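Below, chain A partners chain B and then partners chain C, in two separate complexes.
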Partner chain A sequence: MQPLTEEERKRAFAATRKPEAIRKQRLPVRYHVEDFEVADRPRRFLEAFAAILKHTNYRLALDHYMRVTAKCSRCSVKCQVYVATGDTNDIPCHRSELLLSVYRRHFTVSGVLRGRILGDPGLTDERIQEMADSFYNCTACRRCHFECPMGIDHALITHLGRYILSEIGIVPRALAVSVREQLTGATGNTSAVPVAALKDGLEFLSEEMQEDKGIDIPFPIDQDGAEYLFLPAVSDFLMEGETLMGNAAVFRATGDKWTIGTGYFDGINYGLFYSDHILEQVLQKIRAEAERLQVSKILIGECGHASRSAKFFYPTFCGGKEALPVVNIMEYTHRAWKEGRLKLKPDAISETVTYHDPCNLARSGWVVEQPRELLKAFCTNYVEMTPNRQDNICCGGGGGTVSMDELRPYRTLVGGRMKADQIRATGAKYCVAPCANCKKQLRELVEEHAIDCQIVGLHDLLYKAIIFDSSVPGE
Partner chain B sequence: MPAFEVNGKTYNVDEDGFLEEPGVWTKEVATDFAGCEGVTELTENHWKVINYLRNYYLQFGIAPMIRKLCKETGFKLNEIYAMFPSGPAKGACKLAGLPKPTGCV
Partner chain C sequence: MQAWIEFGRGPLFRLAFCLMVLGLLRVVVLTIVGIAEAYRRNSDRIVPWKAIARQTLGWLVPVRRLLGGRPVYSVTSFLFHVGLLAVPLFLAAHVRLWRGAVGFAWPALPQRPADYFTLLAIAAGAGLICGRVFHRGARALSRLQDYIWPPLLLAPFVTGYVCAHAALGPKVYQEMMLVHIYAADLIMLTIPFTKIAHCVLAPFSQAVTAVAWKFVPGAGQEVAATLGYAGLPIWVANSRSAPAAGDKKEALVK
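Up next is the complex of A and B:
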């Protein structure tokens, strides 16, 4: 990988906000932040921290991490941000230490005593500024977790740090505005898509497919008692028509009953990036819609964080063992294909195709082989990028940073630098990135680095390979 | 609220330079904003995209699906990028006076 040139460094770290705003908020960060109460910040940070510790299980993790952390920096080799910047502040265990040291000083007996004896003033406003900057340089890809000899999950600490910061008003504006629309706005989704526009878009896609394949491929809306409630990243309804066409075509082929609910149709959950409180509120919206339509499963579209937030936290907040099962669309499609209910033309795509593992799907080993088996079933020229699967490299726009347009030069020059080399090395015509977040970031990345590769979703390509029976299945 | 001054006029815009009140849009807005989105001259093709976006927004309250925009205006996506270097969701929408897209757009 080429080191950052002086010019690139300047662009990546250029100030994006007006100096007055930075001065007024006392926050030298590059992402935009809505105005918030600045006075007495350290005290309010500690109060928020204490409240979170009281009502959650984070204390268990922090107690353990605080004792075992060796600060050995082995994680540095895994961090694509540190490898690009070479700045020691970007080493994951340094980032974690920013918060762990606050915990040690203020929330342990020995730390409080030592503070009194040594006259340590404790948390300062400067430390809060440092955390606000550092925690959003991380893409929360969790790759460093594998290299840590003590098993510290640095992304969990980053998440907690962002959670506490959000409680005192420090949240990237792009995330805050979207979440406000989702939870309290008229449209109830992050991209502010009204139901009329949703229906218009879906009708248009059905017409396109009718024209293309000569058969009726519907998007069922508000079907009571359907098996699957479908929740893609809502941005798919604006940006990824091709992916949605693939999704609908799979259901047309299998004949399973699915539906999009007009009460709630957004899989996006930015709570995963910065607030457990919001994570829960968004999941409760999914639960309400699932109950309204009496569905039996929740199906998340091609989106990494939407899938992970629902798969792993829906049971936590919405009924435990009784909670509805959560399925990712690629799991669904893969199973249908395995069962022989979905037939694919083996030579539908002859161009070189590679696969990018979205961190939120692959890091835990959840959706790794399914998309590969599907791709190999209809692409004659499939190549892997390295490293891959659980050890994949992040697109560079994870952890919510992709929504912040002001960070674009940082994301493409620093965060995605390793990824750009990786994609270029495959020489692929198509890079399949089954995640709304990764798609946006990778498109900006290939544009910045002038790589001749088209970023698509898995279902975009699969759509070209589906063989439809002449009879309507299930009837 | 930041203000954007151009050609002797002042517009109220957000931090990303999008019009704060999409209702106050006139054709002059598109002309005045073109420079900051890397558009040197507004041709007939530009107006076709801008007018389609504007009318769709007035009817539905949001920008159309990209695929629909391409189909209805007859331009391929790369042609739209050639006209509006920052893309349909950012550059074209800004000139058509739509609010800044939120979420993963």
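Up next is the complex of A and C:
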């Protein structure tokens, strides 16, 4: 990988905010933040930290990580941010230490005693600024976790750090505004899509498909008792029509009952990136809609963080083992294909195709082979990028950073630098990235690095390969 | 000097050994209780125990993982650990001491392999120090204890090897033995309070992480209530200049 040139470094780290805003908020970060209470910040940070420790399970991880951390620096090799910047402040272990040292100083007996004896004043405003900057440089991809011989999960610490910061008002504005609309706005979703626009858009896509395939492929809306409640990243309704067409076509072919609910139709959950409280509130909205429509499964579209937040946290917040099962659309499509309910034209795509593993789907080993098997079933020229699967490299826009447009130069020049090389090396015409976040980031990335590769969703391509024959239910 | 040696390998050794065992037992118990407590607070009770076991075993026998990040350092570290465990536990002289003290012991390593393991540990330990000093990332992360530990751990190896092999005068031999014994005692005394506690804690890491990702239902609301903005959206709470009348915060921070 080419090191950052001086010019690139300047662009990646150029100021994005007015000096007055930085002065007023005393926060020299590159993402925009809404105004919040600045006075007495260290005390408020510690109060928020204490409240979180009191009511959650984080203390266990902090105690353990603090005891075992060996500072071996293996994680530095795996961090795409550190590899690009070469700034030792970007080493995952260093980032975690920012918060661990606050914990040690203020929330352990030995730390408090030592602090008193040595006259250490404890948490400073500068440290809070440093954390606010550092925790949003990380894309929360969790690749470093698999490299740590001590088993430390730096992404968990980053998540906690962001949670505490959010409790004192330090949240990237892009995330805060979206969440506000989702939880309290009139439209109830992060992209502020009104129901009327949703219906219009879906109708238009159905007409397109009618023209294309010559059959009626509907988007069922508010179907009581359907098997699946479909929740893509809401931005798909605005920007990823082809992915949605592929999703609908699969259901048309299998004949299973699915529905989009007008009460709530957004899979996005920024809580995963910065707040357990928000995470829970958004999942409760999904639960309410699932109960309203009496569905039996929750189906998340092509989106990494939406899938992970639902799959792994819906049971946590919505009923434990009795909670409705959560399925990712690629899992669903793969199973239907395996069962012979979905037929694909084996040579539908002859151009070179590669697959990008979204971190939130692949890192846990959940959705890894399914998309590959599907792609190989209808692409004649499938190539892997290296490394891949659980060891994939993040697109560079994870952890919510892709939503912050002001970070674009940073994301494309620093965060996605390794990814750009990886995509270029495959020479692929299509890079399949089944995640709304990854798609946006990778499109900006190939544009920045002038790579001739089209970023698409899995169902965009699959749509071209589906065979509708006389055995299609309803024909 | 002989009296000091006797003290070091008699009462002081027993004290250090007991403190080490008790100290490590304490952190293990705390960790297990912590895991159980976190598991109890979480409502879904869905923990991927199999995956945790697989990952834990994968790290305890890290054959496939060594060649990931920093392969040379990782292999060196692995060899260091092999020597570090083999020699103190299985050296014939040590086994004899155990048999004398507690009446039973285990099979010892023959002298020649024991020598090889000793040299391996010394060479690997020196390699680890270099791997820390000459690696930019590791240097930036390192604390004082990270620099102290490798030489401290190597001190008994070097002195032990010299005592066993070099033709030393009785005085030098005694000095060497003194360093050997007191370094070992110091190691045992400090293990539970430093990063070397990973010798018993590392097997719990995967479970700790998995359980810590299990968030507590309702905790967000509780946190809000504790911070005095229950029922208010966070952005409203944060735009207030001072807590509204009637808000009560608990004193949690010392």
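The rule we apply is simple: the second predicted complex is superposed on the first by the 471 of 475 C-alpha atoms of A that agree within 3 Å, B and C clash if a C-alpha of one lies under 4 Å from a C-alpha of the other, contacts with A are read in each partner's own complex, and residues count from 1 in each chain.
In this section, a residue touches a chain if its C-beta (ideal position, glycine included) is under 8 Å from a C-beta of that chain, and two chains touch if they have at least 3 such contacts.
Please read these numbers as outputs of a predicted model, since none were measured by experiment.
Asks: Mind checking chain B and chain C on superposed chain A, clash or fit?
Replies: Here the two partners, once superposed via chain A, fit next to each other without clashing.
Asks: With both structures placed on chain A, which of the two partners, chain B or chain C, ends up touching more residues of chain A?
Replies: Between chain B and chain C, the winner on chain A residue contacts is C.
Asks: Quick one: classify A:261 as touching chain B (first), chain C (second), both or neither.
Replies: After superposition on chain A, A:261 lies in contact with neither partner.
Asks: Taking the superposition on A as described, I'd like to know which of chain B and chain C A:72 touches: first, second, both or neither.
Replies: Touch status of A:72: second partner only.
Asks: If you stack the two complexes on chain A, which partner ends up touching A:403: first (chain B), second (chain C), both, or neither?
Replies: In the superposed model, A:403 contacts chain B only, not chain C.
Asks: Taking the superposition on A as described, I'd like to know which of chain B and chain C A:415 touches: first, second, both or neither.
Replies: A:415: touches no partner chain.
Asks: Touch check for A:239: first (chain B), second (chain C), both, or neither?
Replies: first
Asks: If we overlay the two complexes on their shared chain A, which of chain B and chain C does A:51 touch? Say first, second, both or neither.
Replies: Touch partner of A:51: chain C, not chain B.
Asks: In the superposed arrangement, does A:156 touch chain B (first), chain C (second), both or neither?
Replies: second
Asks: Does chain B (first) or chain C (second) touch A:184, or do both, or does neither?
Replies: Second partner only, chain C.
Asks: Name the contact category of A:457: first (chain B only), second (chain C only), both, or neither.
Replies: neither
Asks: Minimum C-alpha distance between chain B and chain C after superposition, to be given in whole Å.
Replies: 16
Asks: Can you list the chain C residues touching chain A in their complex?
Replies: Those residues of chain C that touch chain A are 27, 30-31, 34-35, 37-38, 41-46, 51, 55-56, 59, 62, 65, 68-70, 73-74, 77, 135-138, 140-143, 146, 195, 197-198, 201-202, 204-206, 208-209, 211-224, 226-227, 233-235, 238-241, 249-250, 252-254.
Asks: Touching chain B in the complex: which residues of chain A?
Replies: For this pair, the touching residues of chain A are 17-18, 32, 173-174, 177-178, 181, 189-194, 196-197, 200-201, 204-205, 208, 233-235, 237-239, 241-242, 266, 268, 303, 402-403, 405-406, 436-437, 440.
Asks: In their shared complex, at which residues does chain A touch chain C?
Replies: Touch residues, chain A against chain C: 34-37, 39, 43, 46-52, 54-61, 63-64, 67-78, 82, 88, 91, 93-94, 97, 106, 112, 145-147, 149-153, 156, 166-169, 176, 180, 183-184, 275-281, 312-313, 315-317, 319-321, 323, 365.
Asks: Along chain B, where are the residues that touch chain A in the complex?
Replies: On the chain B side, the touching residues are 2, 15-16, 60-68, 71, 89-90, 99, 101-105.
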